[in-house]
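Two complexes come next, and they have one chain in common, chain A, joined by chain B in the first and chain C in the second.
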Partner chain A sequence: MVYTKKSPALFIIGLIMLAIWYMADSGMMAGYIEHLANGKKYKYGSELTSIPMYFGIVAAAIGAWQWFGSHKEGHWDYYSSTIAGGMFILLIAMLVRWFVAPEIEVVSTAMGEVGQTGSHIHKLLGLNYVVIGIVTGMVIVNVFSIPEWAQNGVRLSRLGLKTGVILLGTLYSAAELKNLGGLSIVMIGFFVLGSVGMVLWIGGKRKIPNSMGGVLSAGMGVCGVSATVAAAPVVQAKSVEIAYTIGTILIWGVGCMFVFPIIGQLLGMSYVQFGAWAGTGILNSAQVAGAALAFQPDGIETLKVAEIFNITRVLVLPIIVLWLAVWYVKREESATQVNVGQVIFAKFPVFVLGFILMFALSSTGIFAPAEHYKGKYFGNTAESGFKDDKLLKDADVATLRSEFGKIERTDRKDALQRLVENRKIMSPDDDDVLRGLVNSKALSKDANKILKGAHKAVRHTAKKIKAFRNWITWLFAFGLVGLGMQITIGSMKQAGGQPAVIGGIVGFVKAALSLVVVMMLISEKI
Partner chain B sequence: MTTVNRILLASHGTEGALAAEQTAINLCNKGAHIHHLIVVPTFWQGMTGDDWLNNGSTRDTFRRYLETELGKEADEHFERVSQAATEHELTYTKALVVGEPDECLLAASKEQNFDLVVMGSPRPKGKPGLRSRMITDPLTKGLKTPLLVVPYPDE
Partner chain C sequence: MSENKFDRGSALSIFGSDRKEDFMALVFALVIAFAVFLTY
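Now for the complex of A and B:
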């Protein structure tokens, strides 16, 4: 079978991308971009004048070949058949990120703040490019259906998300990974086991079949649809039980993706708190990423926390599947014994190894100096990025000298002395001490301003890490738009029966309880 | 009761469909023909939903398992109607297709000359089962063969 379609679609997608690039680069769009900027600086100017050109050329060239060329069966044909769908998702992600989401922000801002919340409606509802992208994907699949030429490529969204998680490995420091990992193991351990146990207990009380209890507990407890897909064959779930469970989880997941960021904003949650809550309380792993980016669209700190929780969940999955298999075999005579090694091997998430590898590489200093923290590192020499024009001026030194008397702690006095003598911060330790001095507000505003400038002069963002951050944002946007294209109303409509009742109870308890735990136990910083 | 010679029966094992099967058998003359159609609705294709954490092999295992399950269920329904048809000395053919239920029924009704199309009535509220309607406007407008919708059986 030949998979590549002789269709003009990819060629047209390429032309649209090139048209966007040309209009942005030539200034034809200047008026519209000014309108979208809404009195601020338009955030995506550099993206608009580069990304659509590169991808437009690729899409137009391959599209012309797909349209007019001849195609034969084989590996290349299969890979080639995915390009049109992949570019289709990318085009949707571009349009949503650059034009639709900013337009919604303009309209929402014009409508004014909502009541006494101090927020505009787009912020309150988390209507940013990620959420709008997922919704657009859902509208496309449910209203228009995915065109035949795009169907193979839509599956690339999973690859996009997994690659995003792998690259995310470059952005963690060892301490951060240790602390977040520890927190996620405790939280996920408690809530996974708790919700699996709760579903099985309520299921037993309501006398649902073991197969239904098994598949529902995996879905509600571990990672939603992914766990259902992994557990269904093991507990020999009936087709209707699978449909009920997946329908229930999808409705919960999509609902949570909208509701969680609103609650997070209203409660003023920190990135760590929200990431931990979304990572624990949202049933479905795709919506965890969606909610994290909806909560913080212009940064990935929340996503970093949420993805650690997702990774912990997926590492727990083979264990839960094994547990359910043993549980099911004990209760059903017709059940077949499971091969433990085979289950662990088949269900092990290989992409997590990629994440660990990237973290390990990052720790060696290949992408940024090894001592970097969140991609930023200390450097006070020209080789490490320090610029001589950032040395303190005479006036700055005089201002700082005049405030020595206000400082009581010796370590702060010594650090300031070294700064004044060398006109730049001399070590990461001094940097930390002087930041403490700024936070203590012991000095005048002018002196604090000078200290902040000195801090900025020795803190640099690694170029490669900066590039990774951009790539990660795009990979998640691409992946989530594509996943939106795989959420059908037809499957959500199947929510019902006992799984809807039990799932509703357990889902609510899990979301509410994890919120309480997060608010009580997690501080701003981990 | 009027009897017929060629019936297109759409059923898939729900209580309503079982009533339709019984009615179809009873309506047939001796030696008449029943063509049994089971439609696997397209929403099953979206049943891996937005799973992205699993490996391809886990998704393949799930798809194969689901296909087998749906196939087994269809075989049970075919077997039941086939036995009933044999007992009543009727001839029996079957078809299992994937698609939108109304479109598939419409297409099947055009493939042969049927005297009657028989199906069960929609599941009443609160009854367990999948949500996939066969009786739709396009079906009733497009069907050229008389349609009999058998009432849902009383409790």
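Now for the complex of A and C:
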């Protein structure tokens, strides 16, 4: 089978990318960009004048060869044929991130704040480039269907997500893992084991086959598709049961991905709280990332917390597989004994080990000085990178002074007092306390903006870490648009029947209980 | 997308197995990490 299509599509995609770059670089788009910036600084200026040029050249060159060249069956044909679909996803991600999402923000801002929420509708509904990208993918596949020349490349999206998760390992520090790791192990341990037990119990009551209950419990309890695939041979699940489980996880996960950020915004959750909740309550790695990025599209703090919980959950997989093996063998006398160790070795997701490897590499200090916290370091002197023009202005000081009455905690009052007196943040501890104050949303938007500015002035990011963040953002954007293109109405219908009912009950209980636990136990400090 | 459209990989991946995809993701991540390490 020859996969490369003799189509002008990839060449045209390349030309569109080059046109975007040219219009941005030559200033032809200046007016439109000013409109999208909506009175603020347009965030994607440097991306717009570089990324489409590089990818445009590659796409146009390979596109011309695919259009006019001759193609023969083989490895080269198979893998190079994925480029058209990959570039198609990338172009959509570019258009959504740079133009569509900012345009929606402009319209939503013009509509004013929603009731007493203090937020605009795009924030409440989480309408950012992540969500819009996934929805665009879903619309394309369900309304228009994926063009034939792009179909092979759409299957690259999961590779992009996995690569992004591995690279995320570069952003964690030992200190963070120590702080979040303990909490995540307790929470994940409780909720994973709880959900597996609950699915098995309800499954028994509703008399579904043991193999169905076993595979569904792994999917609902651990990490969605990987866990389903890992548990399937242990409980001898049939392919239709695996499909039902994956369908249930998908429909539940997609619902959560859209609903969680809205609830998070309505409850005014902090980044850590939301990250912990999403990482515990949502089932699939991709959807955890989608919800975290939807909740906080302009930063990575929520994603980092959510992924710690997500990764912790994946690490519980061997225990669940062992449990299911023992459970199944006990119930099915006819069941053939399977070598549990072999199943774990064969099915354990290697990308999780990649994440740990990247974390280990990062911990040696090769990407950022080891003594720096996560490639970020505190510095409020000229020698450490602080610029005097970042000192608070008289008007900023007056705004902050006028809001002292809104603060209840003494440590926050003291930290703010020191900031006002010195016009810059004086210590890493003060910085943490003031971050918490911002996340608590106790002050006005103007005051929070000033505090965020003061934080940025003393926090410097290592260049390598900044580069990793950009890579991760784009890999996730790519992967999630592609993920949307794989969510067909047919796959969602697969969740029908008993697995959907059981999955819905367990998923809801897990999401609700984990929300209560997160709100009770986790402070807002990051 | 239906499974039978591709005689290689699956409907969700161009690779024949999850393990292969995981290893490729690891290779890409290491290449990116090396490039970042050298460039910045």
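The definition used in the following text is that the second predicted complex is superposed on the first by the 416 of 526 C-alpha atoms of A that agree within 3 Å, B and C clash if a C-alpha of one lies under 4 Å from a C-alpha of the other, contacts with A are read in each partner's own complex, and residues count from 1 in each chain.
Here is the rule we go by: contacts are C-beta pairs under 8 Å (C-beta built on N, C-alpha and C of every residue); 3 or more make two chains touch, one makes a residue touch a chain.
From a predicted model like this one, the values you see are computed outputs, not experimental measurements.
In the superposition on chain A, A:Ser514 makes contact with neither chain B nor chain C. Of the two partner chains, chain B is the only one touched by A:Lys238; chain C is not. When the shared chain is aligned, chain C comes close enough to touch A:Phe468, but chain B does not.
Look at A:Leu361: by the touch rule set out above, it reaches chain C but stays clear of chain B. Once the two complexes are laid over each other on the shared chain, residue contacts for A:Val350 go to chain B and to chain C alike.
By the touch criterion defined above, A:Gln265 lies against neither chain B nor chain C after alignment on the C-alpha atoms of chain A. With both structures placed on the common chain, the touch criterion links A:Ser195 to neither chain B nor chain C. Look at A:Gly479: by the touch rule set out above, it reaches chain B but stays clear of chain C. Contacts of A:Asn210 after superposition: neither chain B nor chain C is touched.
Under the contact criterion defined above, the residues of chain A that touch both chain B in one complex and chain C in the other are 141, 158, 162, 226, 229, 346-347, 349-350, 486, 488.
Only residues 141, 157-158, 161-162, 223-226, 228-230, 232-233, 238-240, 242-243, 246, 249-250, 253, 284-287, 310, 313-314, 317, 346-350, 479, 483-484, 486-488, 490-491, 493-494, 496-497 of chain A touch chain B when the two sit together in their complex. Taken together, the chain B residues at the contact with chain A in this complex read 41-44, 46-55, 57-59, 61-62, 65-66, 69-70, 73, 128-132.
The part of chain A that touches chain C in the complex is made up of residues 1, 78-79, 82, 141, 146, 151-152, 154-156, 158-159, 162-163, 165-167, 170, 226, 229, 346-347, 349-351, 354, 357-358, 361, 366-367, 463-464, 466-468, 471, 486, 488. Contact residues of chain C toward chain A in the complex are 1, 5-15, 18-19, 21-26, 28-29, 32-33, 36-37, 39-40.
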